[in-house]
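Structure in structure tokens, see below.
Naming follows writing order (A, B and C), and every chain is counted from residue 1.
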Amino acid sequence: MAIIRTKDLTKTYHTRIKAEGLKAGFSSLLKPEYKDVTAVNGIDLEIEKGEIIAFIGPNGAGKSTFIKMLCGILYPTSGEISVLGMSPIEKRRSLTMKIGTVFGQKSQLWFHLPALDSFTLLAAIYEISDAERTRRVGELSERLDLTEFLTTPVRRLSLGQRIRCEIAASLLHEPQLLFLDEPTIGLDIVGKQAVREVILESNRDRGTTVFLTSHDPMDVEHLAQRTVVIDNGKIVVDASLEQLKREYIKERVIEISFVTPQRLPQLDNVKVTVEEGGLKVRLMVQDNLEEILRNLSTLEGIADITISHPPMEEIIASIFRKQGEVG
Amino acid sequence: MKKHLKILKCYFRLNLASAVEYRASFISQAFGMALSNSTFIFFWWIAFSQLGGNIADYSFLDVIFIWAVTSTGYGLSKIFFANASRITQLISTGELDTYLLQPCNILLSVISAGTTLTAYGDFCYGIILMAIGYTRDIYAWGWFIVGVFIYGILLTAITVFTHSLSFYMGDATVLGALSTEFAINFAIYPEKIYAPLIRTLMYSLVPVGIAVHIPLSLYREFSFEVTLAAVVTVIGYCCFTYWFFGRGLKRYESGNMIATRI
Amino acid sequence: MKQLRKYFVIMRVSFTNTLTYRGAIFAKFIFYTLFIYIFMSLWRAIYQEGSVHGYDYVQIVWYLIMTEFVGFASGADIYRTMNEEIKTGAIAYQLNRPTHYVAYQYANALGQSIVNILSFGVLAIVLGYVFVGPLETFSMHTVVPLIISILLGITLNFFICMLIGLTAFYVEDNYAFFLIYQKATFMLGMFLPLEFLPGWLQKISQNLPFSYVHWAPARILVDYSPEIGLRLISFQLIWTIAAVILTLLCYSTGVKRLVVNGG
């Protein structure tokens, strides 16, 4: 059964054009000019129960507008939405009982109070009984390792601790559907890993459907079973993880700095950029990482070497390039 | 309904707990507000001791009554529903999202999610004034309590109404502050000092006259018709505000427009 | 000379900067008009019961236009600025600048005040004419002493607020001091002419600084005579000098403490 289904979903913002300067300011006060901006342009999407979906695209592509319509925050301009069999607009309240959200910078926690107090409030809001609340808070704090700082005012927690509390807050009412907007932004590697594990566990143990956006390719690679790329309010790619890996995220970037300029050995299937007169090289490697590394090990005078994923922007750009070739 | 009362209680408890986190400034701010209000009574004391009798048909005791109702009513509104005056900010930064994602009545949870420290001082100050001016006059205390509840509710509704304009016409911060200023100043002076046109405002757009001057006149002389008309107006105003906020919510753009520069 | 030029430039920058916030000034215009309207209505009702202490109705309205004018023209919220700079430790970064911190803040505030004096000055005169008509007792001889008195009132207010803000070096929460100051100026001159108070309170208040912020310029405006002008302005001057000295003292000992204790 499809848990989310949208048909020709569109959102247009009606924006007033702000005029600069005093004179223009006055005339725009009397006769304002408007401009329509289409953020989401006819999206059709179906998501099955238990899927983990990554929703990616450049800034301003319409990601958050789309998510906000699914949650009932924004009214669509036209088109249909059904989430868990309900219309988010008409059944907002019953829907919110079944969905959980972590929206980047927007906190559900009370800044000056311990997270535990916020949990008590959320339990009242989501109609959770006291006994049930105690059980779930206990379980979540064990899974997310919160026990030590549950009674510390939130303002004194580190970012990682706070995000873990945010995630616990959004899982407290055991939602069937979880929306995560940049859940790992600003975290260190350990923090990112902990967050990813909790998301996977929820998905595995309770069949929670997860809908996430991220700028971190590792999030997509570790979490998503399916990836949807949007641009200019339209879906550009809708692919499974295998497909995506095979076609798009297979690249690795190797960066090497040398003590003295070096000449690289002949390498196949690699894009090489030389910087600072040969002191630094950047290699875009496809699928023969191991072989390349073996070749590189013969080099002398290496000061530093790093291997990483290309950033999300480059992955997206390469997706768009491929689309262009196909289309 | 029962659930919302529970949530309201929970918000109140958390708000108070946040306030107590900074105990010293909580006490000095609340006390300071009571002191600050006293300066106005000082003014009236001077004015009445110079002239004696009545000013614009109000005696010194009448002034004490309207001041007490306004102060305690204002305190009530700002202790429980302080967030009403942050609605514009919540709209423009997109913070309103958090409330839209919860299974509660949106307006109710938005306005009860904040408190003002100084409001505790305002709340107590009115009661102290009543204790001094009307010590054992049970009848006066009765109308005082009625007035306080109506003032608290109306001030909240007025604030919600003006800030809801932000859904329709952009930043309404100044308008919101202005309506609060009206709501206070219409209430703490004898109504007859104002020109007739302003007095109509006091019973229509910013209807705080109903909360302050009408209870006083009913205390002086009860009238069934006036009571009925007042009750109908208050309920009507609140219902209209509730509808107006809900209608505005459909136009909410979740802070997205901030990113759009043309 | 070079020293003074520096502060003049600071003032000019602050002046142009304030000019860009036209929206904020316009919003304050609305509130100023509202307050004057309310006070006018109130005093009209009071004057229907009889006249008070030699002020006639027109004079009292002009009196209030002036006291509120000084309040709105002061502008800069130096009390809060000082509190924030001290609590966040930002004040330490100002130490190694080639300007004196107190003078820098004053030049900055003066730039804002000049914008306010000019804009609210026009509004104040318009409101007075519209609400109660011209002030009969006003003559051109009043102009110079009035301007001096207004500038002294704003300066005195600035340094007292700065002094209260600087106590954040020594006490945890100085809000109570600020509140007492605010309410004292309110009761002793801003809301009521000093002449309306009981005799004993007038005597006390004439020997305290509070009345010289609002009462002095307003008193000069409504009924000027060379004697009263001279007396009020010299009191304003004495209190301003005292406030400046105390501010400088409080600043230098506070900063020393900060340097020694490391914030």
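In the analysis below, a contact is a pair of C-beta atoms (placed from the backbone, for glycine too) under 8 Å apart; a residue touches a chain by one contact, two chains touch by 3 or more.
Because the structure is predicted, anything quoted here is derived from the model rather than measured.
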(request) Look at the interfaces B-C and A-B and say which one is made up of more C-beta pairs in contact. (result) A-B
(request) Report the chain closest to the protein's overall CA mean, measuring from each chain's own CA mean. (result) B
(request) Please report how many Å separate the Cα centroid of chain A from that of chain C, as a whole number. (result) 53
(message) Centroid of chain B to centroid of chain C, CA atoms only: how many Å?
(response) 30
(request) List the centre-to-centre spacing of chain A and chain B in whole Å, with centres computed as mean CA coordinates. (result) 42
(request) Give me the residues of chain B that touch two or more other chains. (result) none
(request) Note which residues of chain C are touching chain B in the complex, please. (result) 27, 30-31, 34, 38, 41-42, 44-46, 48-50, 52-53, 172-173, 175-176, 179-180, 182-183, 186-187, 191-192, 196-197
(request) Please give the residue numbers of chain B that touch chain C in the complex, ascending. (result) 24-25, 28-29, 31-32, 35-36, 39, 42-43, 46-47, 50-51, 53-56, 174, 177-178, 181-182, 185, 189-190, 192-195, 198
(request) In the complex, go through chain A and note every residue touching chain B. (result) 13, 15-18, 35, 37, 39, 60, 64-65, 68, 71-75, 92-94, 96-97, 99, 101, 103, 106-108, 110, 112-113, 117-118, 120-121, 124-127, 153
(request) Would you pull the chain B residues touching chain A in the complex into a rising list? (result) 3, 6-7, 10-11, 14, 17-18, 21, 94-95, 97-98, 100-104, 109, 170, 250-254, 256-257, 259-260, 262
